[in-house]
Each structure stands twice: as C-alpha cells, then as structure tokens.
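The data blocks that follow each hold one structure.
Both of the next two complexes hold chain A, though its partner changes from chain B to chain C.
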Partner chain A sequence: MIWDNNFAVSVIPLLLEGLWVTVKITLLGTMLAAALGLFFAILRRLAIPVLSPVVSFFVVFVRGTPLLVQAYCAFFVLPAYGISFDAFTTGVVVIGVNYSAYMAEVYRSGIQGVPKGQWEAATALSLPGTRTWGRIILPQAIRTVVPMLGNYLIQMFKDSAVLSAITVVELMATAQAIGSSSFRYLEPLTLAALLFLAISYPASRLVNRLERRYAPQH
Partner chain B sequence: MSAVIEYAPLLWQGLLTTILVAVLSGALCLVVAFAAGLARLSRHRFISWPAGVFIEVFRGTSLLVQMFWLFFALPFFGIQLHPLTAAVLALGLNEGAYAAEVVRGAIASRAKGQTEACIALGMEPALRLRRIIIPQSIPAMLPPFGNVMVDLLKNTSLVSLVTVADLTFRAQMIRSSTGQTTAIFLTILVLYFLLSYLLTLLTSWLERRYALDRKALVAQRKESKLMKVGAA
Partner chain C sequence: MRPSTEPQPLATPVGLAPDPIIRFQNVSKNWGSNQVLKSLNFEVAPGEKVSIIGPSGSGKTTILRILMTLETPSEGLVKVDGDVLWDVTAGQKVRETRQMRETRRKIGMVFQQFNLFPHMTAMENVIEAPIHVLGMNKAEARERAAELLNLVGLGKHMNHTPPQMSGGQQQRVAIARALAMRPKVLLFDEPTSALDPELIGEVLNVIRNLAHTTDMTMLMVTHEMRFAEEISDRVVMFDNGAAVESGPPAQIFKDPQQERTRTFLRAVLQH
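Here is the complex of A and B:
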C-alpha cells in the first residue's frame, strides 16, 4: 500500500495548524505590502530629487532578485548588525517588502490611469496636495487596482512556502517536518499541495469576479 | 569581501549551474506552455479538460511544494529522480502552466477574421495554426513571456533546497564555512539582479525584432539606412 490513509488523517490537524500560520503570514504580509507599495508609488510620483530615484531603483532591484535570497539576507545578515526578530516576523517583513515592490507598480498604473482632468480640476479648485491625493486621486486609482492586489495576495499565499527555508513553521515546513520524522513524505506533501489548491483556486475565482465588478467605469 | 574573492571559483560554478537550470527549465516551460495552451483551446473536451486541470493544479499550488513532491514523494512510487531532474521538471511544469495561460490568452484574442480567411483559403487546421495564428500571436506573448522567464530565473534559487548546487546553494556553503554573510549574500543578490536585467534586455530586443507593427518596422529600417548613408 503506497498511500497510508490512517497516517494521512492523523497528520491533518498538524497541517491545518501550519496552514493557519501561512494564512497569517499572507494577511499580515499583504497589509504591509499594500501600505508600503502605496508609499513607494507616491514617492516615485512626487519626483523628489535623490529620494524618488533611490526608491525606483530599490523597487527594480527587489523585483529582480529571488525572494529566497532576500529572506536569507534578512535572516542571516541583519542579526550581524544587531537587528534580529523571530523567524515569523522576519518572514512577514521580507515577503511584505518583496511584494511591496510589485504592488508599487500596480498602484503606479492605477495612478496613471486617473484622467488628467482630475488633476487639473483639483488644481483649479486650489485643493491642497494632501486632499488632492487623499480625496481625488487615490480613491479612483485604488478602485481599479483592487483585483490586481487580490492576485498578488494569492501569489503571496503560495510564495510564503519559501519562508520555510528560514525556519518559519508554516504549512510547507510542517509537511516537511512530518515527512522527515516519519520517513513518509507522500501523504504530508500531497495533503499540503491539496490545502494550497483548496484555498488558492476558489480565491482566484473570486478575484476574477472582483475584476469584472471593479472594472474602470469611464 | 575577501571570502568572495577566495571562493570566486565556487560562486562561478554555482552561477553556471543556475544558468543551466534556467535554460533547461526555460526550454521545458516553452514546450509545456504551447502544448497545454493549445490543448486548452481544443474543441474536444477530452483534450482541453486535462490541460485545464494541469494548469490549475500547477498554478494553484506552490512551486516549492511541487519540487519537494517530485523529489521526496515520487520515490514512494519507485521513481527516484536526480535532484537536477526534479528541479528542472518542477520549474518547467510550474512556469509552463503560467505561460500556457499566456499562450491561450494570446491565441484566443487573435482576430476571428484571420481564422475565417484561412478557412476560405482552404487551409488545414494544423497549417492554419502553424503558419498564421501562432506567428501572429507571438508578439502579444513576448512581454508576458519575459515576465515568466524572469520569474523562472528568480525561482531557480529554490533548487538549492533540493540540494542542487546552484548560486544560492554555494552561497550558503560559503556562508557556513567563512561566516562572511554580508559580502557573500550581497554578491549573489547583485549577480541575480544582473541576470534578470539581462533577461529583460533580451525580451525587449525580441519584442522590437518581432513587432507586428510593420509600419513602425519599415520606418525603423529607413532610419537605419539613412544613418548608414549619413555615415558613408
């Protein structure tokens, strides 16, 4: 018998615990990425000398390097300079910063999509910069990017498995630990794959529907 | 920095392995993309349905899970893959599933008139696809393909977790033997960045080379001819 059903059932509670950690990482990471990405997008748009080009380079650099290596950097390099968090926090920060670079691009396209007349109208009404951004531009820009942010959330959910390499005990690390302690990898790894699929497939269906609902209405 | 110079040959070998994995899985990715993407468009349900399941399963689970599954779970079926084989298979199938959606989307969005014109000219379906539909869809596929390839390149770092001695694996080795963490990791970050930057340059060159917009192409040629005349 290749597939041991009793063993498979017995590891499900442990895997669900791992899944819960994965979900927590994804939600916290997405919040961090969404906030930081918006911040980066606005900084780039404001065209502040030195600062904006630095942010632009940072975004391109983060997008051009692997998440795993970034995670290693945060996990092994930062403690050498006296900055150390537990694995979970490091994982959330790394994945959040990584995805903020992608989200910055998404926001940028959203901001660019706001018609020029909106900026001109805000100027004509002599609205201060903060109100132009906060009440005119961003509400319209974010509306169109919500589904894309949803796609990145699902992507992050799957990518968070990489954090098992820096000892974050999420779904993947749990499956691996069960495998190495029982010498049976088939059941935990298959179940982990099914759990990933069980969440990400319906979620991507949902995002597709959001996409249609939030389509720009000009 | 001394560790980087001392261990440069090791890093070089790692870089070559990374490039090897990227090239092999990139080739597999392209084959899978066209096979699954075209199958998904098939009118026969027994062809399009399995392709759909393949695409959703490989896009819906994490690459790392797939790689570990091929490396650790497949032996239970009596199939023991070499780490490099498992790594290339997982990368190629995973990114191939993403690229299959690109192929499907690009072909599905082709103007219907082209297909109708082919039918009017009495072209066989295979010829139609090979000579008309696919060549026309390639320019639309190139930019998203470029993204998939950059993704693939970055994801090659995961093969270090199934003991393939790529750049990341070597860096970890050097880190544990020298303790010079900062220099090593900064070096490989820059190397990965350069690789993905080169890939972006290659994609944009291909995009220009295969642009569908003939007018722009002709104008470009005229310009370069004029420049040659000017130089002479």
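Here is the complex of A and C:
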C-alpha cells in the first residue's frame, strides 16, 4: 500500500473532529478522576469505620480489572438494570472512575509525604480539621504530586482510545471508521498516531517542567 | 549524702499561688514494654518558668507532647488551669473530646523543627490560627501579627516564606505564631537543638525577653544549661521517666542533691 497524499489530506478534518472528542473526554475524565481520587484518598486517611475499608476495596477492584472490561460492563450490562447514558457520558465516567483509583494512590503518597510536624503544628494551634486539610496539608501534598497527576492525564489521553470499543466516536474510532469505509487504513491510522503524539509529546515536556517547579519544599 | 535514684517529692515553690496551672497526677506513658513516664507527679505554678533537663530518652519531651495532646498518656490525670486535659485509666481507649480541645487552646508550643507552614509567609503563618480559631477579623489579626513579628525582630521578613529564612528566623516566627494565640502556657521543645550554633543566640534572646516580660507560664525542655540557669524559676532533672530532682537553678546547678543530677551535669558541662 502506497501513501496517498490527497486521501490523507481529505480525512484530516474528520480526524480533527475525533481528536476534539478525545481531548474533551480527557479533560472531563481528568477533572472527575482528580476530584474523586482526592475524595477517596481523604476518606481512606480518615479511617472511618466501614466507609474507609469499602473505599479501599473499591480502589483495589478498579485497579485490578481492565479498563476495557469496565467500559463494556458500564455500556452493555448496566442498561439492563436501568442505568443507561449515551456513549460519550458513559466513556467519561468509566475512564474518570478508573483513573480516580490511581489518582487516589497518588494523593495518598502526597499526603503521606507531608511531614508529621505539619499535623502537629496544626494541632498545637487548635486548627479545625477542615482548615488543617484545606490550608495546611493538601496544598503541600498536591504540590508534590502535580507532575504525577499530569502523567496520568497524558496516559488517560492515550487510553481513551479504548472507549472506541463502546462506540464513542473519538480519534481512534474515527480513524477505524474511515479505514473500513474506504479500505485504506494506512493514512487514517498513521495520522491518528501522529495526532496523539502531537499532543502527548508537548504535554509530557510540560510535565517535566512542572516536575522541576513543584519539587518538594522541605 | 547517699546517692539515690529514687524520685523525690517535689517541693512546691515558695511565694507562688497554691493552685498549679499544670498538674500531672500519676501519669504513665508506655511504648510497648518501655515505660517513658513512670507514674509522674509534677506541678507548675501560674507564671512559673520551668526548665526540664536530663538525658535523652528520659521522658522530658513526652511531658510537653502530652500537654499539647500530641501524645496520649497510658494512665493518669493531667489538669491545665483547673480543667481536665487527660483522665485516663489503664487500658482505656481514649478519644479526643470537646473539653480536651478547649483546654488545649490555653497551651502553645514551639517545636524543635519549627514546623512552620512552608507554603505560607511569616505573616500568614502567624494570622492563620487567630483568624480561624479565635475568630479574629483579618485586619486586627494582621496588626497584632505585625507587632509580634516586630517583637521577635522580624518586622522586615513578614512576607518571606520559611524556605527564604534562616533556622533562627524560622524559629522566631514560630514563637510569634504561638504567641498570637495568647496562650497561658507556652511549651518549648528543645527550641535551639536544630539550629546552627551561630543562630542559637538570637532565639534565646527572644525567649529570655519573654521570660522576663510576661506572666505566661513557660515550660522548656532544653540542653542549654547556662540559659536554663539564667531564666528559670525552677529546674527539674529528669531521668528514666521520673523527676529525680527539682529546685531553684542555683541549687540544681551549684549544689545538686542527687548523684544522678551530679553525673549528668558533669557530663554536659564538661566541654
């Protein structure tokens, strides 16, 4: 198969539409994962009876099963129980929940990295728990894990291709569709790969810079 | 005098109010099989400046940490300013109570490692608790923080963050931060032990001024013997989880009654 330049150019607009969906999934999924992961990390740290162990189990469960299986279950099994959303929403929720389990671990390491003396100073000043978490512990914990969160964002960007399996029309699904309708896979798949790279490479450079900027202050 | 390692009953200082502001009654602390405090009885009078000396591992710091509720006693009663801080019977599971939280507000602490909040300026470190614990308005809190930072000689460093300051400067901010809560009792846990030798003086000066100018009760664990001698109303020698000897600095340093105190002082004052 020989590269057809005219065909390649003609499919670019369609691929860019797919890319835009991929970017939207990544941004929304990351926001969901970052918020939910933080929530899980705090719940586990608070050691609340019943609730904290349940969260711990959930995190282990999500980390221990493939994203593809989770996506299938959410899209093909849950509707049988009356829980049904469109492919895009399902995709965002599945990938967001999946990554929240990993991000919870990242936050946990960040929280553990805050020196014990910070908690003790907060106690000595009688700061309320919400203030201790919100103003003292989390700003320091999150600061150190920003680059790790950034890495997960890039990984999610690439992983979102999995969602093509549940009919989300993102970049990968678009490339596939172009291939099967024109019988030319070389151009759309190559371009899809280049488009992924065009975003993930600069993003990882950015994360490297964040790593230097957000080095621990202690 | 016969050498003795038995704890002595501690004399109540003369000329001070009879009601102690700090009272430890039969307080024990165990770490596994290691008994850090052994049924300690210990009192501090209001306004008294007390230094605790003794070898490391003798339980000195544990006393401060129990007062600050950073450590739970295994057994015993601790009262501060008439209020119960701890009332623990052996084997009991203890939870933080409202009473404990309220009593704790009367106490401030200066840590060996400063423990300033590194992502906040000196000013922000000092106003945090007055605003969010005492409910002070921001303008008033800032004004008072500025006074305190001036008092510790850091008027020009209000907007610096801890990583931009020397250890001595950080520790002085930590003192201002503790003072901002207007504690009745201020605890110092080896406040100069983490400092470079040339920075110790500036911190000791601040503490000395406080000791001379306030009626705050001060309880200090220190290895600075000369300093303890100079500022304390009373010095308590700790060894092996118990108070071995207690008395005015002149007596402890010039004429110690216990052999254990004598050997300890010989060792630390030798150099």
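In the analysis below, the second predicted complex is superposed on the first by the 217 of 218 C-alpha atoms of A that agree within 3 Å, B and C clash if a C-alpha of one lies under 4 Å from a C-alpha of the other, contacts with A are read in each partner's own complex, and residues count from 1 in each chain.
Criterion: contacts are C-beta pairs under 8 Å (C-beta built on N, C-alpha and C of every residue); 3 or more make two chains touch, one makes a residue touch a chain.
This one's a predicted model, so the numbers in the text were calculated from it and none came from an experiment.
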Partner chain in contact with A:Ala8 - chain B first, chain C second, else both or neither: neither
Contacts of A:Pro128 with chain B and chain C, given as first, second, both or neither: second
Which superposed partner A:Ile136 touches (first chain B, second chain C, both, neither): second
Partner chain(s) touched by A:Ala80 [first = chain B, second = chain C, both, neither]: first
First, second, both or neither for A:Gln118, with chain B first and chain C second: second
Which superposed partner A:Val23 touches (first chain B, second chain C, both, neither): neither
If touched residues of chain A are counted for chain B and for chain C, the larger one: B
Contacts of A:Phe61 with chain B and chain C, given as first, second, both or neither: first
Chain B partner contacts - residues on chain A that touch it in the complex: 2, 61, 64-70, 72-73, 76-77, 80, 158-162, 164-165, 172, 175-176, 179, 184-186, 189-190, 192-193, 196-197, 200-201, 204
Chain A residues within the chain C interface of the complex: 115, 117-118, 120-121, 123-128, 131, 135-136, 139-140, 143, 217-218
Chain A-facing residues of chain C, complex: 68-70, 101, 104-105, 107-109, 111, 113-119, 128-129, 132-133, 163, 177-178, 181
Chain A partner contacts - residues on chain B that touch it in the complex: 56-57, 59-66, 68-69, 72-73, 75-77, 150, 154-158, 160-161, 168, 171-172, 175, 181-182, 185-186, 188-189, 192-193, 196-197
